[in-house]
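Reviewing the structure listed below.
Order as written gives the chain letters A, B, C and D; numbering starts at 1 within each chain.
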Amino acid sequence: MIAGATAGFIAKHLPVLVVLVPLMAAPACLITGNRHATWAIATLASWTSFALTVALFIRVAGQGPLSYSLGGWAAPFGIEYRADALNAFILPLIAGIASFALPYARGSIGRDVEPRQQNLFYSALLLCLAGLLGVTITGDVFNIFVFLEISSLASYVLVAAGGGRDRRAFKAAFDYLIMGTIGASFFVIGIGFLYMATGTLNIADLAHRLATAPADRTVRMAYGFILVGIGLKLAMMPLHQWLPNAYSYAPPAVTAFLAATATKVSLYVLIRFLYTVFGLDDPFEAQTLKLLVMPLGIIGIFAASTVAIFQNDIRRMFAWSSIAQAGYMLTGIALMTPQGLAASLVNIVNHGLTKGALFMAVGMLTLATGTSRLSDLRGIGRTMPWTMAAILAGGLGLIGVPLTAGFISKWALVSAALDAGQWWLAGAVLLSSLLALGYVWRIVETACFGKADETRVIEPVPLAMVIPAWGLLAVSLYAGVQPALIMEGANAAARSLLPHLTGVGG
Amino acid sequence: MDMLFQSLSPAFIYLAAALVLPLSPNGRVRALVLLAVPVAAFASFAAMPYGEYGQIRFLGLALTLFRLDALSWLFGLAFSIAAFLALLYALHLRDSVQQAATLIYAGAATGAVFAGDLVTLFIFWEATALSSVLLIWAKGGEASYKAGMRYLVVQVGSGVLLFAGLAMLWRETGSLAFEAMTLESLATWTILAAFAIKAAFPLLGGWLADAYPRSTVTGAVTLAAFTTKLAIYALARGFPGCDILIPVGVAMALLPLPYALGADDLRKSLAYLLNSQLGFMVVGIGIGTPLAINGAVGHAFAHIIYDGLMFMALGAVLAGAGTIKESELGGLCKTMPWTAGFILIGALSFAALPLTSGFVTKSLTFSAATPLVQDLLYAASAGVFMAAVMKTGRVFFTGTPVISAEAPLAMRFAMGLSALLSLGIGLVPGLLYRLLPFDTPYQPYSLHPVLMQLLASGAGCLIWLALAKLGWLPHELPGMPWLCRKAGTTGAAIADAAKRPWARFARWRKRLLDTGLSRTFRMAGPDGPLARTLPVGSMALWVVVLLGVTLLLTYL
Amino acid sequence: MADLIRSIAGHYNYWMFVILMMTGLFIVVSRGNLIKKIAGLNIFQTSVFLFYISMGKVTGGTAPVNTGRAGEVYSNPLPHVLILTAIVVGIATTAVGLALAVRIKESYGSIEEDVIEDMHRTERPA
Amino acid sequence: MEHHLVLRVVSKLIIPPILLFGLYVQFHGDHGAGGGFQAGVIIAVAFILYGLVFGIPRLLRVLPWRFIRASMAAGVLLYAGTGAASMLMGADYLDYAPFGATPVEGQHLGILLVELGVGITVASVMLAIFIAFAARLPSQIKDEEW
């Protein structure tokens, strides 16, 4: 009876509970001073919201889009939370990564944050999670901005938490803050223009009005500002410069969490705006994708991968690889076909899983040896074979070797490019895999064939780090072997978005 | 349950064994388990009816993991035998990495042979590359590391070509089935190029003689069995009767021979010989008649065994005497009598003397060939005789004995088994013929082939002796291609002149590569403008620039 | 010409917005002092506030408070409400930025970007 | 600061009205200009003034750090909890109708609670920001620095 009522309650409020659980757990962490208790609360909250997102995904897959109006105000007037095939697909990734990152943080955070302040760290992490989930689920564009800022502010703090070990984290967080704020402000200016043009902030309503009204200069301005603002947040090529420092100096758990979720959510926002809100029915919008976003994506893939090859710091190397991966996703989006979009969505999830696991493994390496510089890690493969195996497995995923998740994403992108008749793009994607091979190879070469330093002290890695890292890696490997679920989710999402697309592409 | 078991390619038996290998205790138990793996793999498909199993859908593609027909059955058997012999030979080793790599390598090769579609083929194709390179690296040291790198680049490159080809083919025909193809589009040419690299076609096969001699004693045996024979299988499956393969095969049979004769490192010499043998098979595939295909496939089968035997014996010498240089060895029949006996059988099989497996399989191809091709192949046989029998024979049966230990028991056992198999097939050819894919009656022991083969061998023997008399025998100038060295001073001058443009090109290429690399490094290295941490101001400037570009686009 | 002037003058709020935005961005781009950067960022954000508020203003309208009198013209309250949130976000950003600047000053002894970059360059191992 | 008699006296005089005005703005918000944001800042200003004039240590004696931190969280929890309570009572999140006998009455109560939560949070966050920065000063501000 009670169980039934609870289930009914959860089912009814599912969209809002997803955000509310971590959002309320964050202040609860603040009040509870004890770090073990806060960790327990945070972990519980993230696992709960993960379960809720999975339930939401199943429900949306079964019954179609789900709408929830806040405060009882109906959709175009009040704020609406709306779960459809697209965001229900992204949400489990975010909450799932957090569910792995929190146990991992318990093992690793002692290096970066003193025990007294760990509850602040956990509440910042939860706020970041809540913000990211909120961005994804809300159906109101201004609400996206608010949640984006909640998550961004929390992530500036999280990056700065690495400052206890390396003071460069402060500067990295500061740069991130300046850039992130400029990006968010551009985004909010874009929303202002949209509001000027249409008088509404609801996504569905905006899409409807923009589809019926002819696109004028105001809408185009909005498009430009939003594209650049979100492009900054997702590290599109010339706007990526905040990312390498932020990812390399943040605490390992934070890097793993942010790399797997923050840029992915920004990509989601971009997809949402391009395909739902603007619908690409103005030739200018399609033109911009073709002339600007696609080239930037490809330049990003090659430039960032090349830079990654020459990096001496493993975390920095993988940070650059993240920029390159964002390039793959952008090219998929810019193809403007259902296949391209689905490829990007698959890549979002697969890369999130792989990079999360990879950064966790690198964090283990860093913790054990006290360094992440390749030149100091010669021959580490012989002393830490399992950790190196995890890094190698993740690295193979970045290259796109068959049976890894990365292969599925690359395969999807290549076949999408071929379907769109873009032979050169398929070739470029394959060629760029060689660059990925280059940087992964450098790690393998150093770690397995370098001359080991006999005096090196290896500290034991806590099990709390090992288990989540391998768990996440196992999930990503599973996604490589059994891609059906993710592929279907991505295809459903892409199909649901593209009825808007008329008369473009080809 | 039965269905599930049936649908799995035997490859997975190897792969599963490789996975549990590190868990088993490293001792006699593991040795027995290791030996049981190829037997189990063979048993799993030996009695199954022909057909396609393991059909799955992956990414919307219909894949066939396990296709069993006469061709794949025979190669499956050959690889099982090879894996068994290689593992037996390496039984004394306590190196988990090499053992696991061997298992994965054998499994991948088996999986590729049973692959019913190009995607599965590609996956296993790359897996053979990745696992086999470990066998080269296991030797340790800078030289084997670099050789392994070069090997890996070539092998992975072959895989990339295969992938590109299959993608194009899929676009064109919508089918991924791995069937006989015709060379009429870029796609099939690309696939042929991928096979050609792995089969070590002329000009594409440099990796073979480069990598094999640099691998471990046991690794060389394993390497020799799988990679190139997998390529032969792929050619036999994909391009039977493809005319261009005939001249290519003839060239392939002839060109490596001088190098085989000239090499001081006997394993290197053997690698060249192996390459030449592949040429015989390629000719058979190119001819494409049932008889010729039978010849190519049968030869591949026999070759796996006697070539393995040769690598085993030379490996035993390397392990026992500490060197494998022709110039440093002699009189081994005194110190390693068993090995000497076995290698003689291997060498005679190589030279395809009657009563050996080499003869009964090669003559199939010969009898299917046109007279011109036949003559060229007999000429090649003479060369093979020189390089295989005379060159190795001299090390074993002439000269002052060097100190050397006889091979361990397991090694001798493996060699003996191979020798027995080689002789068995040679004596009772019907055993092998019955397994060949086409049912064409053939009797090898008729006058013409026996006579021709003996003539060719005799000619080879005479030429060798003449060369020895003239003092032109190769090991005076070790390590360089023999033909160039024998060209004399004038020839050397001509060669020098011919080399100059090439050297200039090589210099130019190196400079281009160097400057390209350093330019890239200057751009993308840690302090390059691409990677440097910019001041926030410059980052913000980029935002403004990009916004400007976007807004500019609104005016277009 | 008159039209042009009228259109420029008629949209003076947007001109102010653009000028403030550019000023703010210029400060962020050109000043090396971290505090000045934050100040620039604030000016930039303020321009956004101005943009929203002027967008919702109705000529002659009053604050949208129900006074009971009939026939009153209200300004559009929605942009104002939104901007209230944006102001809070701006304050939070400024606070975090200043806190970071304090920590940077404590650990580097300077808040001049070029000085900090110099330190990075010399302390980074090759 | 010990000697600035004028400042001290004026502060003491002015702080209670500021607090009172803050409370007025706080509770007037549901049917006029005002609300939690503004009230929170005003109330925080009263304490900040106190801290400026009498020093951070004395301010922390009035409002312990632990209390400020707890009230930051409590404010958010009050806000979110009000919404959650409405969910438990069968309405949508943040729909206050079920709090009272009539929807209007319920909304009055709901908004009051939410605004209170906002006010508490804003006030404590402003104070926290102020203290976080001000407490880093090496010592008290001296007379001659004015």
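Of note:
By definition in this document, a contact is a pair of C-beta atoms (placed from the backbone, for glycine too) under 8 Å apart; a residue touches a chain by one contact, two chains touch by 3 or more.
Since the structure is predicted, the reported quantities are computational estimates derived from the model, not experimental observations.
Looking at A-D alongside B-C, one finds more C-beta pairs in contact between the chains of A-D.
Per-chain Cα centroids separate chain A from chain D by 36 Å.
Chain B and chain C, compared by their mean Cα positions, are separated by 68 Å.
Computed centre separation for the pair chain A/chain B is 44 angstrom, with centres defined by C-alpha atoms. With each centre defined as the average position of its C-alpha atoms, the distance from chain B to chain D rounds to 79 Å.
Within chain C, the positions touching two or more other chains are listed as 25, 28, 37, 120.
Among the residues of chain B, those in touch with two or more other chains are 533, 536, 538, 540. Multi-chain contact residues, meaning those touching two or more other chains, occur in chain A at positions 174, 178, 182. Across the assembly, chains come into contact as A-B, A-C, A-D, B-C, C-D. Contact residues of chain C toward chain D in the complex are 63, 65-66, 84, 88, 95, 98-99, 102.
Residues 25, 28-32, 37, 113-114, 117, 120 of chain C touch chain B in their complex. Chain C meets chain A in the complex at residues 21, 25, 28, 34, 37-38, 41, 44-45, 48, 51-52, 55, 78-79, 82, 85-86, 89, 92-93, 96-97, 100-101, 103-104, 107-108, 116, 120, 125. Across the complex, chain D meets chain C through its residues 31-33, 37, 122, 129, 132-133, 136. Across the complex, chain B is touched by residues 174-175, 178-179, 182-183, 186, 217, 220-221, 223-225, 227-228, 231-232, 238-239, 241-242, 244-245, 284, 287-288, 291-292, 303, 306-307, 309-312, 320, 401-403, 408, 411-412, 414, 418, 426, 430, 437, 449, 483, 487 of chain A.
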